[in-house]
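As written, the chains take the letters A, B, C and D, and residue 1 is the first residue of each chain.
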Amino acid sequence: MQAFLEKMVQKHRPQAGEGKVADYIPELSRQNSAALGVSVYTSNGETFSAGDCSVQYSLQSISKVITLIIALMDWGPEKVFERVGMEPTGNPFNAISDLELYSPKKPLNPMINSGALVVSSMIEGLSVEERLERVLKLVQDMSGNPDIGVDEAVYHSERATGYRNRSMAYFLKEFGVIEDVEATLELYFRQCAISVTCNDLSRMGFCLSRHGENAAGQQVIPRSLARLVKTFMVTCGMYNASGAFAIQVGIPAKSGVSGGIMASVPNRMGIGVYGPALDEKGNSYAGVRLLQDLSREWNLSIF
Amino acid sequence: MQAFLEKMVQKHRPQAGEGKVADYIPELSRQNSAALGVSVYTSNGETFSAGDCSVQYSLQSISKVITLIIALMDWGPEKVFERVGMEPTGNPFNAISDLELYSPKKPLNPMINSGALVVSSMIEGLSVEERLERVLKLVQDMSGNPDIGVDEAVYHSERATGYRNRSMAYFLKEFGVIEDVEATLELYFRQCAISVTCNDLSRMGFCLSRHGENAAGQQVIPRSLARLVKTFMVTCGMYNASGAFAIQVGIPAKSGVSGGIMASVPNRMGIGVYGPALDEKGNSYAGVRLLQDLSREWNLSIF
Amino acid sequence: MQAFLEKMVQKHRPQAGEGKVADYIPELSRQNSAALGVSVYTSNGETFSAGDCSVQYSLQSISKVITLIIALMDWGPEKVFERVGMEPTGNPFNAISDLELYSPKKPLNPMINSGALVVSSMIEGLSVEERLERVLKLVQDMSGNPDIGVDEAVYHSERATGYRNRSMAYFLKEFGVIEDVEATLELYFRQCAISVTCNDLSRMGFCLSRHGENAAGQQVIPRSLARLVKTFMVTCGMYNASGAFAIQVGIPAKSGVSGGIMASVPNRMGIGVYGPALDEKGNSYAGVRLLQDLSREWNLSIF
Amino acid sequence: MQAFLEKMVQKHRPQAGEGKVADYIPELSRQNSAALGVSVYTSNGETFSAGDCSVQYSLQSISKVITLIIALMDWGPEKVFERVGMEPTGNPFNAISDLELYSPKKPLNPMINSGALVVSSMIEGLSVEERLERVLKLVQDMSGNPDIGVDEAVYHSERATGYRNRSMAYFLKEFGVIEDVEATLELYFRQCAISVTCNDLSRMGFCLSRHGENAAGQQVIPRSLARLVKTFMVTCGMYNASGAFAIQVGIPAKSGVSGGIMASVPNRMGIGVYGPALDEKGNSYAGVRLLQDLSREWNLSIF
């Protein structure tokens, strides 16, 4: 397993340059476009990793899975899905016209930015700090790493340039979907800046693959919710390339524009990937190809 | 199993009336809105059925799965997915603005009408009749029922009112995506009018659940293609309610506006449903609810 | 003339109730939906008025004409039309999807909200106050009324609820079209809250009808710019009812959601209207009908 | 006047090459991209012309004005505007998404293709031929040239490639807006292929400038309808560059993708232009610039 991972990193690293590091958040643009790392945590409790696995990177959209879990724990599926839909969309993750033309009061799903903003606004807590603590706590519980925190430089960079998210949040406010725009954005920018490694992500993916039980055997997420978010990871986890990913890879996964991917193979393993050079849909260029090879080699597709 | 199916039909039949029989195709509007039937074919080779299982109804959009398989056999995935995408869409199945605004040359996926028209145009054959024969042959092979044919009344009704599909086909012609519009429409209207029962559909779903091997043990679809189309059934099989269906039911399935649903539980069973009163997305109102109950009771979700 | 105006007010006032006072800005919703007033200032220097001509109301979108004139004086047409287009749109004045789908970097015209925000951001001045002073000064010069000021209650109401405009401004910021969003919004909300009467508006319309020369004979707007903004009033002055208004009335005019209309009949007269109950496009319900009668009776159409 | 026209043709002909001859209709693509001609017919009954004034070219979209007049004569404005709107649009003339997203049952205005198809479908007559005769008759009456006919090569070329118009017509049929699609398209393709010279167009523009009275003094169009269509020419006559044209030129005008422009200066003159190399909006590149110079030199703007 170890050998195969190393071979795969060697195979795909040269092509990483075909992608492009996200540049709309200045702090992200500093990432090394040639970086590639992968970590696997199996149900035997073994870890395998290859490539750039010590690099810290931010969760970005991967945090949408975490906040969705918390909102579902706080409110239950019924209340949450009154305010955000369950349908994938063929349009880009940051499209605002979908909202206006089809569903001004209800973003299509919790994995696009507008839907994730609604979800973040539902997380309970007396302050932004308290809410963030709850998000951090779940990330720490899932990964078993109590040291995970927010990358302040990324957070500030994100906050200083997040005009489109701010635009979207005020649009939702217009329709009464979000109450406190600025608090919601504060939480959103911070959750996106939570800093992890491939090892952390592989253990988080593992926790979902074990129906919410982490590597230490603690049930940190209710079973039914673990299933629910894995379903979203299949239908909407890879932006508007989710359909292709389901066909070519077939593993529940969620990507972020930092180049991270958290993948979860039911009952078998969690996988954490890092490859900051992105394809045009916003997913790690080399990371997607590497996962495709792993899926074929180890027959990981759920389909 | 039999008893549970009967109980479920009794439970859901009274609510069938909440839905609405499709009325844009005159021949479909004659269906009995209170009808509800379900048939299950298991890997033990047993059949269970309850309700209106002797009613004949047309495949409608379920035929999109069949033609996709044939086009994939004719051309291979690479060629097919150069001309039609793999992404689900949150918009209605007959939307033309998606095409114009985002992808004039490549419909988002083969399960929406525009994509299915492209797929039908790719099926090889010297004439419309020959192409139709190939579609019918596969339906017969999957179901093991050599008597399956086209309902001429439905076909003529479809053809006489299919203005929107004709509009879409000419739009695609404008961009050089479809060559012979009228031949493509002929095939499309006929494939939609192929007439089946719940029993037929359950065996077709079974064939997919067994990776392309039908009840008689013949491999009528290559394994890799059976997986591929089941993935599409998960991400786009239930129109723009596919995301909700994945979460609430979790079974690869394809619906049609006749009220039919073909569902395929990997390695376990095929399910055929009939319930012509539709919800607002175009899926069988009672049928979806019945499948949700079966999935919960028998733990059928793939997630 | 006087008699005809009074007759017209009597004729149209009963139908004012068919419209609906704007309710998305709380302060506007307090207006009397039965109010109707009209004032005419002719090239002989005569004033005729009828109905509710002493009521103060806010300029709202009518201020878009004023800021456009100032931006044109500051930068010249070439620079201004690099950043905002000249084309009417059939979509609502506050649509954000037009921006995203067709022209993210250049709003279609200066009479829709997104375009007006860009125009306001171009007005020179060291502070919001200084910029506002310049806008007020031009309104005072055009109308000959030095007492015109901002209605603070309307301004605060506008500011407290203007989420959609804030959303739009941040969307434009994302594309680098607007620099200082909050300062632009401050100016925008205040310019909308400038408070006038029908008499004021009739003199402002008169000034445009005399190619920028006010009633006192001062050239307060360059001739070429007076022509230019009157052209915009014809093609885009009445929201997405401008085309119908051109055909049915044929007078350069600009409306606001307060129910005001400033109309300008070349070389002949300025007309100020007040009728706060609006039709579905956002124009004064009774006001448009009254202007249609005046246009027919006095043959005012420019076409 | 003659000298000035010649000077203008010399000035603008060299830049004609900046535009591009329409190539989506094969027969149009054969036109000489360097051609430029202009003809003026004044209220004194004088004709001035310069450049390529003997070339025959097809009316294309200019025919939309003619059919609108006939439909208005047949049905009256009220009935016509129940089925087609009066609002300009910032979107391209052949956009289908406007229809789907905003107004499936009522195209925005009669100058975009969808609206013109509705108008053509309203022209009374027992056959396509009879309807075409009525259109031809009006063109002959307006121009005083009884020899005007249809260019059969252009008609066949148009018919063989008009997939987008066919798509649009079937889309309208779906909503019950058009009854007989094929007959409507037949008329539409033929009216577009009516063949004229600059002299013809200048006399047609003159007829409108004289409120419907042709050069021979016959009232061939009711006064009120002449005004009405001139208003449309201002707000929607130059595709989605009409707003800019109103500001920069200010003359009621209608263009076609053959490179023709029919302009009508109220009470003063009609102008016919030919310059087949088009700008990106579909208007004659050199023709628009030439008209702008004429408008400035002779002060022709109606604003």
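Keep in mind that, in the parts below, a residue touches a chain if its C-beta (ideal position, glycine included) is under 8 Å from a C-beta of that chain, and two chains touch if they have at least 3 such contacts.
Just so it is clear, the structure is predicted and the values come from calculations on it, not from any experiment.
> If you take the mean of the Cα atoms for each chain, which one ends up farthest from chain C?
The chain farthest from chain C, judged by C-alpha centres, is B.
> Please state whether B-D or C-D has more C-beta contact pairs across its interface.
Taking the two pairs in turn, the one with more contacts turns out to be C-D.
> How far is the middle of chain B from the middle of chain D, if each middle is the mean of its Cα atoms, in Å?
One centre to the other, that is 47 Å.
> So, what's the distance in Å between the C-alpha centres of chain D and chain C?
32
> At least two other chains touched by the same residue of chain D: list those residues.
If we look for residues of chain D contacting two or more partner chains, we find 101.
> What topology does the chain contact graph adopt: line, ring, star, complete, or other?
ring
> Dump the list of chain pairs that touch, please.
A-B, A-C, B-D, C-D
> Please give the residue numbers of chain C that touch chain A in the complex, ascending.
Spelled out, the residues of chain C in touch with chain A are 95-97, 100-101, 163-164, 166-171, 173-174, 181.
> Chain D touches which residues of chain C in the complex?
Within the complex, chain C contacts chain D at residues 85-91, 98, 102-103, 108-109, 227-228, 230-232, 234-236, 240-244, 246-247, 250, 252, 266, 301-303.
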